[in-house]
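The two complexes that follow have chain A in common; it is paired with chain B in the first and with chain C in the second.
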Partner chain A sequence: MTSPPLGFRETMLLGLAGLASFIGLWSFLSGSGIVPAQFLPGPLDVASRFIHLLTSPFAGATLPAHLASSFQRYAYGVLLAAAIGVPLGLLMGFFRLLDDIVTPIFDGLRFIAPIAWVPFAALWFGTGIGGPIMIIFAGAFPPCLINAYRGARFVEPRLIEAARMLGTPSSRMILEVLLPAAVPSIIAGLRVSAGLGWQSLVGAELIVAAAGVGFMMVQAQGSVQTPTVMAGMIAIGIVGMLIDILLRQGEGWLRRRRGLES
Partner chain B sequence: MGSISFRNVDKVFGHGAGGVKALDDINLEIADKEFVAIVGPSGCGKTTCLRMVAGFEAASAGSVLVNGRPVTAPGPDRAVVFQQFALFPWKTVRENIELGLRNKNLPIGERNDLVAGALKLMNLETHVDAFPHQLSGGMQQRVAIARAYVLDPEVLLMDEPFGALDAQTRVVMQEELVRLARHNPRTVLFITHAVEEAVYLADRVAIMTRRPGRIKEVLDIKAVRERENWDSHARIEDVMDLESFVHLRTHIWKSLREEKGFKDV
Partner chain C sequence: MAPLVSRKTLIGGMTVIGLVALWFGLTTLTGLVTGARFPSPAEFWFSLKQINGRGYAGSTLASHAVHSLKLVLMGFTVAVMTGVPLGLWMGWSRRVEAFINPVFLIIRPIPPLAWIPLAILWLGLGDAAKILVIWFSAFVPSAINAFTGVRNIDKPVLEAARMLGTPRWRMVREVILPASLPMIFTGLRLSLQASWTTLVAAELVGALVGVGFVLNMAQQDIYPGMILVGMVTVGILGWATTVLLARIERRALAWNVAARD
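The block that comes next holds the complex of A and B.
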């Protein structure tokens, strides 16, 4: 039995009710003293710290400045992953030989968690901007490659045949047939990449960085400022959500333009 | 010039003991500017014949020749019109028709003239900038035919091109194809399971057997058509009522019914 779909208002109300119960439980746990306040700061403490951090620096910068520094690395890492992963995936989808060469290496590498690259990232590229970028890259690269590859590999065979019958050379085949055919799959891959990249970023900054939200959280933990750690977590969650919403909008717009039902 | 020859062509799908023989000793000569239709029951391998001329499949034995040269790969000298249109959904009508000409590296002026001609030929002028999904099935197939015609191919390969269209659209397209074929004759290999369509359009009709596909009989339609002056009738239904047409149609029907597994469509 499935219940009838709810209207927008009901959905919003249920969402708000869930959020309110979560915050209620949280206040109860920290306010009643069951969990000591320095282990679990209350929602009001966290909220006021969040607002405070918007303007007052901690660990060398305000929260927006830390976020900006994180976002810069993140953007570089994800763009680099897309710039290499998408073309390589398309080429692998077209040239069987390349597919056979790259796939075994890639299948092994992609199961190594981005965090596992931390020691080498720090060693090879340092803790400035290079190290974190490499870790974000490690998180964001596989979905870029896999989705571009699948998109190109599973293009409707008739379209490939039509293009070959029209005498289309390989370069044009990739740019004007495989790439556009793979766009929905590539966009889906970029969304996954963006999510994984953002998660890897914060993990990376906890260990190798001299600025950024992750760095701020580590510094706060060192001085047992748990509200600051939580404010950082909330900022990460909000920015991650915003990135996903933006990419979903982009995906929907693209599908409508193509005449595909969303 | 555009002759097609099938010489002792076999096609086996799969390997060894698990292989399935789809075509058995196909022999067929199609002369320059001749319109030949192949009819046969589903799964008889008629589409495979076309795909071998297109260069999408290779013969397992024997040879498939176009203008006396063996076919090795697909190319714009053998334009294909597919049943499911196979238009590029991200390209406009103009861009779809233009792609083959761009691949030939024609100068832009010449390209535009040819595209304009093809658009006019298929009555597509008002839909130049539309995307395929904005067009009806009939219009989409017009674009696919324009895309093939614009290449001025030596042979035109049509794989059940009207099979996906509704009955009324199909009739209009058949009449238009006859108009095209009579005024600007070129070599056409036309695959269909619709008997009337084959008799109405083709100069000769080859009837195939059920798997493994063989050519059972080849009928000369053109001789009857010219003798009985079918082309003096503008409408397809008038031609289909002629005694000579009915006679040929019934002959093919009977021939196909002898093949086990033939289904009316």
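The block that comes next holds the complex of A and C.
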């Protein structure tokens, strides 16, 4: 708290002024010809191209169709990352031997940017749907694993001791003690994963794909269609934002249901 | 009596040895994984020798690596020099925050990698386009964390400093900056990571030199040995810069008890 919060009106006015100067500067740069309109189309051009792309195809499909094929890969990749990362993380949190074995491998791979897997992904799974899924997986996997692991490791020891004293077998311990206790951490990890996965998807499609928004943008870049490139960026931004909002809602709902916040 | 090596190191070491043995076993010994899918240790070694001697994709591994490293450091520096001050300013002044936040909210959801085609359109395949994209991607984490750092400063600290009549400049230099430094470093770490991801992606999309370009050429030549060389290089560079940043952080935050463990 550095200065007292502004009133609602002042915040709105300043925010609008900020937006107006952003759009004004953008329009000025392209309209006045300081930057050639071919490279920086004005906001209206981009908006009209966006609407145009909704119905007429570019690079083989309309924008919604490109988005749909992107989203399909994305969903597979993130689900796969969650399906492997979360259980593995829980098991690592419970069995120390597994932890000691997996951690060095994981630490070694951690510093390789997910996007650097592109050549092997293309080689192993092709450029259709398999390759991009692997890249998304590489981007989304670490937070799934780390958060499930942390969630399981930092369960209150008393709970584990009580369960152990009552003779709970390992399988039930993981499913009925560690998993429920780790849920908030896991959900937070999934949200990070979802964001990173979406980023990786864009990267993957720029390099290897024959459909999808990223592919559309590369094609547009090749034929110097800047408005289409920018429309693609906007579409990617909107979908990414929707995913984040949905997951935030889900997280909030879950936390409320478990009485973690009111 | 404490054992000579900790259990962790022992199991970790055995894992690494086991993996290398598995690699050797699957490729060279049994041929279950063919060289067209994943290189054998010998093929990897051959690729490494080739790129270090004759060179690959236009130059040697060292010059590719140095080029990429240079671009990351330049983009990262530009991003930090702009992102951190803006974040601090937004944290300090509610007016600045209200003015900039909506623009931020619009631009932020666009993934950094999505700027690559636009950067190539604007600046071509050279270094300038890469620095621009790294700047865009590394700017946001720097700014956001600096902002959060200022906002999380204990109110009494600021009030005490203000009550003692601390002048503006000393306030920034001796109160605000040190107090938000732990958060700033968190931002820098994220920025560095983003810088590497973006650079590798940008070099894969279009470049004439750099580790990403090596990966790209190796992919086109279907040359698994060289792909592995490129990936290992990316990993080592990312690791080395992260370690360096952690060193700097430890030195800069030597006074901070919370960061010591």
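Quick notes on this structure:
The working rule: the second predicted complex is superposed on the first by the 244 of 262 C-alpha atoms of A that agree within 3 Å, B and C clash if a C-alpha of one lies under 4 Å from a C-alpha of the other, contacts with A are read in each partner's own complex, and residues count from 1 in each chain.
We take it that contacts are C-beta pairs under 8 Å (C-beta built on N, C-alpha and C of every residue); 3 or more make two chains touch, one makes a residue touch a chain.
A quick note: this is a predicted structure, and the numbers were derived from the prediction, not measured.
Superposition of the two complexes onto chain A shows chain B and chain C fitting side by side, with no clash. Taking chain A as the reference chain, the count of touched residues is higher for C when chain B and chain C are set side by side.
When the shared chain is aligned, chain C comes close enough to touch A:Met233, but chain B does not. Of the two partner chains placed around the shared chain by superposition, chain C is the only one that A:Ile207 touches, whereas chain B remains out of contact. The superposition-derived angle at chain A (between chain B and chain C) is 90°, Cα centres, a multiple of 10.
The gap separating chain B from chain C at its narrowest, counted between C-alpha atoms of the superposed chains, is 7 angstrom.
No residue of chain A lies in contact with both chain B in one complex and chain C in the other.
By the touch criterion given at the top, residues 156, 158-159, 161-169, 172, 176-177, 180-181, 183, 258-259 of chain A touch chain B in their complex. Per the touch definition, chain B reaches chain A in the complex via residues 54-56, 73-76, 78-80, 82, 84, 86-91, 99-100, 102-104, 131, 133-134, 147, 151. By the touch criterion given at the top, residues 1-6, 10-11, 14-19, 22, 39-40, 97, 100-101, 103-105, 108-109, 111-120, 122-124, 198-199, 202-203, 206-207, 214, 217-218, 220-221, 224, 226, 229-230, 232-234, 236-238, 240-241, 244 of chain A touch chain C in their complex.
Interface residues of chain C facing chain A in the complex, by the touch rule stated above, are 7-8, 11-12, 15-16, 19, 36-38, 91-95, 98-103, 106, 109-118, 120-122, 150-151, 153, 155, 158, 193, 196-197, 200-201, 204-205, 212, 215-216, 218-219, 222, 224, 227, 230-231, 234-236, 238-239, 242.
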